[in-house]
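Take a look at these structures.
Two complexes come next, and they have one chain in common, chain A, joined by chain B in the first and chain C in the second.
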Partner chain A sequence: MSVTRTTELRRLADGGRGRVALGVLGALVAVLAWSAVSGSSENIYFPSLLEILERTAAYWPTPEGVDNLTASLRTLGAGLGLAVLVGVAAGLLIGQVPVVAQTVSPALEFVRAIPATALVPFAMMLFGVGDEMKVFLIALGCVWPILLNTADGARGLDATLLDTARVFHVTGLRRALGVVVPAVLPRVLVGVRIAVPLSLILMVTSEMVGAQRGLGYVITQAQATFQLLTMWSGIVVLGVLGFLLTTAYSALERLLLRWCDPKRVSS
Partner chain B sequence: MLLITDLEKTYPGPNGGFTAVRGMSFAVQDGEMFTIVGPSGAGKTTLLRCIAGLSAPTAGTISIDGVPIDGPPREFAVVFQDYARSLMPWMSVARNVELPLVKHGSDARSRRRAVEQALAEVGLADAAHKKPFQLSGGMQQRVAIARAIAYRPKVLIMDEPFASVDAQTRADLEDLLLKVREETGTTIVFVTHDVDESVYLSDRVAIVTRSPSRIDRIVSIPLPHPRDQIVTKSLPEFAELRAQVFGRIREMVHDAALADA
Partner chain C sequence: MVLPTLARPAPRVPRRRPAPGRPRGGAVLLPLLALAVAVALQEALTRTGVLPGSYFPPASQTAAALLVELGGATFWQTLGSTVSTWLLALLIAVPLGTAVGTVLGLVRPVEAFLRPVVEFLRPIPSVALIPLVVLTIGTSARSALFLAVFASFWQVLVPAIAGVRSAHPIALDTARSYSFTLWQRLRWVQLAAMLPHLATATRLATSTSLILVVTAEIIIGIPGLGHEITMSRSVGNAARMYAYIVVSGVAGIVVNAVVKRLERALFVSHGIGAQA
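Entry: the complex of A and B
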């Protein structure tokens, strides 16, 4: 390829619109390749993409499909929401009070090292196979990145910023909500960004082991009854859901951090 | 009157810690512009933090009108050197200026008026809705000054406020400070390492020694008001006072170098 061509491509990749165009192009190629390779598939384990998409369109808009999808989203939202609440509150406390940090840090490192999925049997024993068990597991797995990032951010709060609040008598709730929380927000958002894909994994896992509803339930159930097209359609929906969640989260993040100096954020 | 008596501040550490200030005493009169200069490494910032109530002295007392200071006093405002970190980056310029006023016992409308007035005073009336990062460094420091003015402090404490802006902006901000002081009669305690700046701005300049710092001498600056960057700085008296302050600081640095050798 000639030099000018390469620079042109590079310029395209640098621009915002160019990046979107390249991304769409890549995704299209991947989908086309998948459908081309699987198009004439006779293998029942790897059905053709077209058939999977047909099944997706046929199953997921039905009341049963919608019910399963909303059940999953509710669990996900509740678990992630709980993780954010607990993670931010505990993180702020740990980050701002050194005594608390020194006391709980070793224990935290230990508990954090246990994969949340290892607690599935315990959670089932504690809560049965209902929504509480799933919410508990998601929250338990997602709370760590949020908590640790928040604590880190709270520990590193700028001294001049806090001095300013003290000098001008900004105290109590006004200090907490007006100064500390916004100052820590970028770090909280980093923690949540790590937690979002984790929550998806934990949602599916918990639904696979103990549930009568949800995406994970549909996938395992379809596999057990040899409806492999439905199983694959569940996997496709899961992928789309993950993509949408990450995209929506990035947009939310940009919206919340509009006050940041773009130069400082990128550096 | 701001009265500092036998102030001592020691930071804990090995070998008895580090004593930044020892045996420091001076008084600042109401409405006075009082500047503290000294070689780098003198406990100037420590001194200001003690006066502002941000840091508790190890020994000695600081009082304002006879009331001892044991925490940031209501009637003090501080302008920090690091404007980028002292403004809340998520708040608009106007909200930043308004922040200290919310609990100051004023209703929303008079608060808004105070904010508008203070921003107009520093020449930033049009920037009210901008975010700090959209402003230049000099403009950000103007916002910090507007915040301090709107607060209507009895004493304004400034820690090398113009140290990180360019020379032209610095001259503008110095004149802005003189104007504010003229109009409000606020007592100003100002720390700088710039001798020209200290002589140009002040009624009195206090020269402090290297740490453990104490007052070496206080030089009165009887230059006429209003001061002007060109006229005032061309006066023979200005050159004389500048030489006096500068000479004393150089002597101290020289003596210290001899003592260290």
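Entry: the complex of A and C
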């Protein structure tokens, strides 16, 4: 009896619909468990889930909440966009011109090893506590994984591909956009995938140390004034934001790589 | 050792061909020269006032500040507290992530059940938890430890699940026909398949946990490199700030190198060529 039941369960977990059903069940159980444990909680630091959700619904749709959210998203988008632009451009250059790679790679290794948040004070000294500081910091932290992956991809370009381009006299801009960029794209996307969570960390950190707006600001401010429900609601919103960002990015990645040979993407 | 090799993926054709146009002999000289030029240029620009000296002190001043710090008593304590929290975080997160990942990888229903929860918790930037951690754990090094473990745990967990499942079906069948116990199967078939995944995960976790430790030091004010960096900025001692940023970079390089060395040693003992 129990043997057949476990095999049944196993088969269920392997199928697509079964997986979704089990996952939904898991999420439901987790939420119920959280609200059950926290519902009767006397500990002020861990308020009940229901109250947190009520506060989330009450605070974040207000003009102030929306303002904080959009401020965060704007800096995130600008910083990440800048990182992608600079990272891809520099990565292509470094990957394709061996002299440049040799000259700068030890310096790159060093700068990359510096933990991105150690540069928060540096960015604050340069730009003060404005939006530029946050965008600069996010871009500075996120550019390395993108740059290094792009450079690796550009270095490992398929020789047959390049030779074919030469035979057909594909040169200049057409070669760059039509041959090199599509071939490097999978690696660029891997770099961005590493950069996305990093950008969230940097966004929150920069907002915690120097800002009057944004998600990180709301969370620290709520902690300082002991509004624990608002603090928790900020954490929940950040969790949802992180989840949405990674999900949206996975979808984008699949869309962009549809033409690609899956074997080469994974290697 | 015959069994572990069964879990090895088919040998890959070496991708990198010797680059014909690569300048030889410049491997050491060129970067050194570039570095010297960059430092000299920075020195000249700040000395002549093109770059504001209060923001970018000349490289020589930063070096002097670093030397002063190296002689001081507090420096090694500061470095020690950051590095020890960091290593402890790795020592907790990597085995924990591997163990939980192995269980979830083997028991598919449980994994399907927990997947949405993992997918929700994983992308929460752990710095968002800093206020909560300050209120509940306090402002000691344990807060930094918790944050670093929380952040790197997920980075190990997900590859560990994928790694357990990447064992070759024929290797698993072979293990079954030799009536391997669960432990033998884990040890000789599944662990070997997991290693490449774990290596990448460990490397990611290494840099993530350093970021979290330094962030916690900056925001919470736990003694350590991050704290010294912000303190130097707030008293307007830019040279000292750069000196500590350089130290954090050097610490990053050293620990990365140690992790890479360990990885290689592990791979060699398991007969898998270390792939970067």
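Just so we're on the same page, the second predicted complex is superposed on the first by the 241 of 267 C-alpha atoms of A that agree within 3 Å, B and C clash if a C-alpha of one lies under 4 Å from a C-alpha of the other, contacts with A are read in each partner's own complex, and residues count from 1 in each chain.
Following the convention adopted for this analysis, a contact is a pair of C-beta atoms (placed from the backbone, for glycine too) under 8 Å apart; a residue touches a chain by one contact, two chains touch by 3 or more.
Source: prediction; values computed, not measured.
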Do chain B and chain C fit side by side on chain A after the overlay, or clash? fit
Classify the contacts of A:L245 with the two partner chains as first (chain B alone), second (chain C alone), both, or neither. second
Of the two partners chain B and chain C, more of chain A gets touched by chain C
Taking the superposition as given, does A:H169 touch the first partner, chain B, the second, chain C, both, or neither? first
Regarding the shared-chain residue A:P61, is it in contact with chain B (first), chain C (second), both, or neither? neither
After lining up the shared chain so the two structures overlap, which partner does A:W259 touch, if you call chain B first and chain C second: first, second, both or neither? first
Can A:L161 be said to touch chain B (first), chain C (second), both, or neither? first
For A:G130, is the partner it touches chain B (first), chain C (second), both, or none of the two (neither)? neither
Considering only touches as defined above, state whether A:G39 meets chain B (first), chain C (second), both or neither. neither
So after the superposition, what angle do chain B and chain C open up at chain A's Cα centre, nearest 10 degrees? 90
With the superposition applied, I'd like the minimum CA-CA separation between chain B and chain C in Å. 9
For the complex, which residues does chain A have touching chain B? 158, 160-161, 163-164, 166-170, 174, 178-179, 182-183, 185, 259-264
Taking the complex as given, what residues does chain C use to touch chain A? 12, 15-17, 19, 21-23, 26-27, 30-31, 33-35, 38, 55, 108-109, 111-117, 119-132, 134-136, 204, 207, 210-215, 218-219, 225-226, 229-230, 232-233, 238, 241-242, 244-245, 248-250, 252-253, 256
Of all residues in chain B, those that touch chain A in their complex: 52-54, 72, 74, 76-78, 80, 82, 85-86, 88-91, 99-100, 102-103, 131, 133, 147, 151
Note which residues of chain A are touching chain C in the complex, please. 9-10, 12-14, 18-19, 22-27, 29-30, 45, 98-99, 102-107, 109-111, 113-122, 124-126, 156, 159, 194, 197-198, 200-201, 203-205, 208-209, 215-216, 219-220, 222-223, 228, 231-232, 234-235, 238-239, 242-243, 245-246, 267
